Amino acid sequence: MIDLLLILVVLTNLKLLGASRLGASIRTVAAQGVVLGLLPLVTHPHPLSIRILELAAGSVIIKGFLIPGLLFRAVREVDVSREIEPLVGYITSLLFGLAALGLSVWFGAKLPLPMGALSSWLVPVSFFCIISGFFLIVARKRAVTQVLGFLVLENGIYTFGVGAMQEVSPLVEAGVLLDVLVAVFIMGIIIFHISREFEHIETDRLSTLKD
Amino acid sequence: MILILLALAIIVGSGFLSLLRGKQVRSASWIGVTGVWLGSVLILYAAGSVLFKGGMESWRREITIPGGALSLYLDSLSAFFLFPILILSSLAAWYGTGYLKPSKKNLGVHWFFYNLLVASMVTIVLAHNAILFLMAWEAMTLASFFLVTFDQEKETVREAGWIYLVASHLGTGCLFIFFLLIGAQHDSLEFERSNATANGGIFLLALIGFGTKAGLMPLHVWLPEAHPAAPSHVSALMSGVMIKTGIYGLLRACELCGSLPAWVAWVVLGMGMASGILGILFALSQHNLKRLLAYSSVENMGIIAIGLGLGLLGISHHVPGLAMLGFLACLAHIINHASYKGLLFLCAGATGHATGTLDMNLLGGLLKRMPWTGATFAAGAAAICGLPPFNGFISEFLIFAGAFRAGTTSNGEVAILCLAVIAGLAFIGGLAVAAFAKAFGTTFLGEPRSEYARQGHEVEVSMRWPIVLLASLCLILGITGPLLVPKLFPVVSGLTGYSQEIFQRELGPLMAVLPKITLASLVFFAFFAVCFALRRWLLLGRVVEQNTTWGCGYLRPDARIQYTASSFTQPFGDLFHWVLRTQRWMAAPSGFFPKPTSFRSETPDLCQGHLYHPAFLRLNWGLSKLRWLQHGKVQLYVLYIAAVLMILLVWKLAV
Amino acid sequence: MILTLILMPVVAAIALFASRSRAASRVLPLGCALAHLALSVACWRQAPAPALGGWLVLDPIGKLFLLVISVVFFMGAIYAAGFPGTQAPPRNDPSAASDSFQSEPIFNGCLLMLLGTMTLVTASQHLGLLWVAIEGTTLASTPLIYLRRDSRSLEATWKYLLICSVGIALALLGNFFLEVAAAKADGVPNHSMVLSEVLSGAAHFDKTWVKAAFILLLIGYGTKMGLAPMHTWLPDAYSESPSPAAPLLSGALINCAFIGVLRAQQVCAAAGLAPFGEEAILALGLLSMAVAAVFILGQTDYKRLLAYSSVENVGIMAVGLGLGGAGAFGSLLHAVNHSFAKAMLFFIAGNLLFVYQTRAIAQVRGLLHRLPFSGVLWLTGFLAITGTPPFGTFVSEFSILKSAVDQGRLWVAAMFLGLLGVIFIGMATAFLGMAQGEAEKETRTRLSWMNLAPPLGLGALVLTLGLYLPPSLTQVLRSAAQSLGGL
Amino acid sequence: MSVATFIVPLVGWLLAPLLPGVINRVKAKFAGRRGQPLFQLYFDLWKLLRKGAVYSHTVSWIFWTAPSAGCAAILTASLLMPLGGTPALLALPGDIILFAGLLGLARFFTVLAALDTGSSFEGMGSSREVFIAALAEPALLLSLAAIARKITQYSLSEILPALSLWDWLQSTPALALATAALFIVLLAENCRIPVDDPTTHLELTMIHEAMVLDHGGPDLAFILYSASLKLWLMGSLLASLLVPVHAGHWALDLAIAIVGVFGVGVIVGVVESCLARLRMPIILQLLVGASTMAAVALILLLR
């Protein structure tokens, strides 16, 4: 069960790397959020507690619905259908994704989890998410894609957190979730302003501030 | 010591008061100056008792800064340095009241920094703790920087200030490491005399740091820029005593380091010779009076360094006579240079003040218009050339005596170095005569070369008295100097550790006959009086006419006929073109009806033009090549993070 | 007490957001700042009781930075209250930048929010809470940068938010790693991330995981702190943020991130890996100084110059921390000094921007004539930030240098001094060129005392720290340095 | 301090003006002329001392005090020069330097006086004078140092009387080189051919003479007298080197030395007759050559 969810995460990542359309990408991230939201339910060995349910529900709502919704709102005014050539092509991105996956598996072997992880996929997948997130931020031009990259990165960390640690204090968890939410909220606002100010959301053209 | 603390408080306090009364020009000046005078008298009283009666005073309070302490220590070396510092400070301050009178600026600021400079110099020679020393050192740099940039509306002044500040700061950086290394050896930042054998490299740091302040070649670049830019009494103070704190630092560094390897003496001597010869050559080629004086300061610091180098050579080769004469010469030249360079800068200031220019090619004939300034300048010029009966001769005599002594009796490298010093110093002396004959001749003698010079007039009393006093000091020290030299031995003893017995044994005979120099001076005056009286008597009742200068039969000579500063130095410029790189602009006469001709030359600094400026440009160029790092693309910024993460993970985890 | 300190500004901020009242927005920040300062001072006199079950405790490090933040904020509140500047800016003109902003209540609310989160950072003993608080400071400060609402500030904000978020995310992963390291020690999965417990158990942590965790924390919080090469957002954000905000960003916010790094180093030292952590911090510190040197020399924009100078000073702190021992003492002291000195300079930069309407160094001339008071302060600030005696920065930089020399790491000392030298050259060129010279307009511009008193006060503080370190401060610095495994 | 020490300077003061006469006579003989009387300079001085003076409008007090001061400096220097084994009145270790310093003082005054007239010839003359002097100074001190090293003393009054034929035999090359260098210095310092031509008619080619164009009357007398005394002093230095004979009685030694000085005068005359004035760049080589010779002498003695 865990493995299934994790592999879904990997697939969504690969889809993101290869996707050129903005709307599809946002939906992919939303799907990934939902999958990850379910993850605590299955990783937890004990009988389901209220706390876990709350966490899962919060994650699903925030990652799966609120954040994508925000992003959709932010890019509504922009012509999302327009193709923008990314800095690294989609095919190359996919190949890179595969390489990153291999690297992640190797990392996972190098860094064994202490208490016998629930799934040997856990660490590799979270690393893969982190690398993919970085890659999306670096290799794409649109601000929205970069936010997606950040979310994927965050998701990777979340995966690790959920999988590696059984007990995280609720305050911290809530804080983390809230912080991510607010961050993306503000990012959304800024993307909205960017699109109004510049009539595009390509961040590689945001380079007036330099030395 | 309480007296000194009180005096420091008075000096700084009056500076503050003056700052508060900045708008009232007269009262600001008088408060500042009075503070300096009062403080000087008090400190000199304390210093005099230490210098002449022996003993030492110390005072120490802990402060909260780690490693630091307010630790003051008045020994004979400190007391010795206090004399030139305070005497020149007081006289220059007095002069400054007159010099700044026409200025419309806020003089409170000026006097604040002036008094701060004086107080910081006093603190430097008294400080017995590295942190206190460095703080005073930087305070001195800053105070003098703000004094130099008094006329900061002028581009050249700003440029000069920048060079000065940067050079000083970089030099101080070396001092940081020097004191920390010394401190690490002693486990304390208090100054302690060391008897261990020192690593010469540490001393080299001190040499760079203090040498920058002292203006030794090739670290002198700030000096010819800053001195002309500053108001003249400030140039006098800086050139007369502030740069000497660099020498003070070197002397202390010798104490702190312990016994130094012989090659250090070679380096010091080499820098001294380079400064001396190149300094005077560049001085000779300058046409701005204050710039000339500034280069001459480089030369004189070179002579002081030669003295120091001979002293170190003597110590490391166990030739006590040479060592003691070297240090004596070093100390004597410090006093002498303070008096005549202070004098010359003040005179130059008066000249600039009265005429509005310092370009020698525009001056001339000022001796008749400014008799006091001219006469005192002549005295200073003779003194700086090391001519008897003025004081410059005494210190050069001591160096020569030491070099001759060791050069004739020692063997090996000591003899070779001493003979090199003889040749070098003789050459320096010859060039100095040329340089100052030019400086005095073109500025004060002959006919005015321009309207500037024609409007020259004698300066007011407050500017006249200090220069007259300094000129008398040059003469008095010149005549009585030979008698005073043995009195400096306690200072040398403190530095070298030689006892009175060794001094008597090695130098007793020489010291016993030194008064003959005084005698020779008196004889000279006697002969002069006889000759002059004879001339007066002979001319009495004879026909004494006035006519135009002989011009090879040309009957309408005018001022343009005169040799200019540029032409005067032309033979030197030719001979030393390979090092001076004098730039020339000449419109030579040609054809049957030649057009007006002209000749102009300019000698920019060698190190500045060929070493520091290119190095700085190179640095700037190299760094500008790296500026693409901040190219504005957020994608790559994130890539940096990823990259550094990977590097750190691989670097740290792979091990 | 601690809770009051944290909640007071937050409540005030929420009130401001809710009411949007201009009158309240003038009074509230000042009052809040004053109360906060008073309470912080009180915390120094008597240690406050731990709150939230030991999650909020003021240890020496927290105590130190709480007061610094409070002082800088107080000055910032005065400055903001007196800040003139609601004229329309020429849009999208890089040289003629100005900083008017329309929505004062929002601005002040965000300021207060920032104060609250920063206070939380200083008091957080729980590593997770610390992370939340630091991310909170990012979020609270983002609107401050964007307040001018032109294309440049938009770009700066975007970079700030994205880069800092990525960095902070890594720090979160670092926290998780640390927990793994703790769990590995005894097989028990549940570990409290409260600092005191982490430290007491750290000796048994799994070394590899601690190392990885440390690297992630260092990079994460280092991004926020402005360590090169993660500093890239910093010059943009500082230079584009409105004048009353920039001092807080560089004077106070940097310290919060620094606390994060300090906590990481504390854990590292407790795990017996002090040299490991120090090495990495030292390398990043020297790199930061070098990068700052590259951009300070020949810089054309004075706010960016100040921003790069922050990178440099962050580097100095890192070098000090990386040297450990007495260096850590110097590093903490330098953090204090830098906060005051840099905030001072940014305040004056705000005045300059207001009067000259340009950020180009080349177009500001004759400051001493046109704005005598600000001009003098500007030069003072220059001397203070370059570590000239008798300013406090000299003492801290000298302590760091001393520890390098005492440890026999002459290369570090030489690089440290060499980079400081290059930076001094660049700074001297810019600052002297601005302060001196003939003013184009002879008119002297008068500024309100509220725009002059804060830099003056901060300058006086830096000067005082150079001459006299109060015993209580020394005590706190010592125990803080001790907790880092030094001294 | 015996009578002899007082007689030595007196002899110099009285006989000095004779030396140029001797040189002129030698030159005249070479040229096949009868030449001036031997005592011509005495006559000139006497004539000048009785004359009035003409001063330029331009000049200041420097101009009319300089000749007296220069003369006083040379007179003082004469108290430092031993002759014929008799030590000088003011002898002290390092009087070499005092001697050089006093010559420098005299030169300084002459140069200033020249510049005071505002004439281009005199400016040119003074420029060249200081140039040549600066190059001659190291040669003078180095060659003296070489001789001092031989004797291991550094007072003129101890070196020169102590020098013996034996020393010459021991280190002929070194002493010969040093003496040659000193001879060149003598020619340069005293403005003799080939460095300067005191008898030229063209102001442009003059050095020393150009500087004193505007002096007249007693001032010129002082200048001429001090020039001859300077020549005498340098001559006695060379004579002491070249004729290191110790007859046993001071008077005899003194007589021999005086003959030696005039002998040097004869050599100068011969040299002047055989050579023409050199161009400036060659003079430069000559002087640098002198320094080099002195340095070589020193190196030979260092071994």
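Going by the order they are written in, the chains are A, B, C and D; count residues from 1 in each one.
Just so it is clear, a contact is a pair of C-beta atoms (placed from the backbone, for glycine too) under 8 Å apart; a residue touches a chain by one contact, two chains touch by 3 or more.
The structure displayed is predicted, hence computed values, not measured ones.
Asker: Where's the contact count highest, between which chains?
Answerer: Top-ranked chain pair by contact count is B-D.
Asker: Approximately how many whole Å separate the CA-defined centres of subunit A and subunit D?
Answerer: That pair's centroid distance is 99 Å.
Asker: I'd like the Å distance between the centres of subunit A and subunit B, where a centre is the mean of that chain's Cα atoms.
Answerer: 69
Asker: What whole-Å value do you get for the distance between subunit C and subunit D if each is reduced to the mean of its CA atoms?
Answerer: 78
Asker: Using the average of all C-alpha atoms in each chain as its centre, how far is it in Å between subunit B and subunit D?
Answerer: About 35 Å, centre to centre.
Asker: What residues in subunit B touch two or more of the other chains?
Answerer: 627, 630, 634, 638
Asker: Can you pull out the residues of subunit A that are in contact with at least two other chains?
Answerer: Answer for subunit A, listing residues that touch two or more other chains: 134, 137, 146, 203, 206-209, 211.
Asker: Please list, in label order, each pair of chains that touches.
Answerer: Touch list across chains, by label: A-B, A-C, B-C, B-D.
Asker: Quick check: in the complex, which residue numbers of subunit C touch subunit B?
Answerer: Interface residues on subunit C, with respect to subunit B: 158-159, 162-163, 166-167, 170, 208, 211-212, 215-216, 218-219, 223, 229-230, 232-233, 235, 276, 280, 284, 291, 293-295, 297-298, 326, 329, 366, 368, 383, 386, 388-390, 394-395, 398-399, 401-402, 405-406, 408, 410, 413-414, 417-418, 420-422, 424-425, 428-429, 432-433, 436-438, 466-471, 474.
Asker: Using the touch definition from the top, list the residues of subunit C that touch subunit A in their complex.
Answerer: Answer in residue numbers: 94, 126, 128-129, 131-132, 135-136, 138-139, 142-143, 146, 149-152, 154-159, 161-162, 165-166, 169, 172-173, 176, 179-180, 183-184, 187, 189-190, 193, 206, 208-209, 212, 235-236, 239-240, 295, 299, 304.
Asker: Considering the complex alone, what residue numbers of subunit A touch subunit C?
Answerer: Residue list for subunit A touching subunit C: 111, 113-115, 130, 134, 137, 143, 146-147, 150, 153-154, 156-157, 160-161, 164-169, 171-172, 175-176, 179, 182-183, 186-187, 190, 193-194, 197-198, 203, 206-209, 211.
Asker: So in the complex, the part of subunit D that touches subunit B is made up of which residues?
Answerer: Residue list for subunit D touching subunit B: 49-62, 64-65, 67-69, 71-73, 75-76, 79-80, 90-94, 96-98, 100-102, 104-105, 107-108, 111-112, 115-124, 126-128, 130-131, 133-138, 140-142, 145, 148-149, 151-154, 203, 213-214, 217-219, 222, 280, 284, 291, 295, 298, 302.
Asker: Which residues, counting only subunit B, touch subunit A once they are in their complex?
Answerer: 627, 630-636, 638-639, 642
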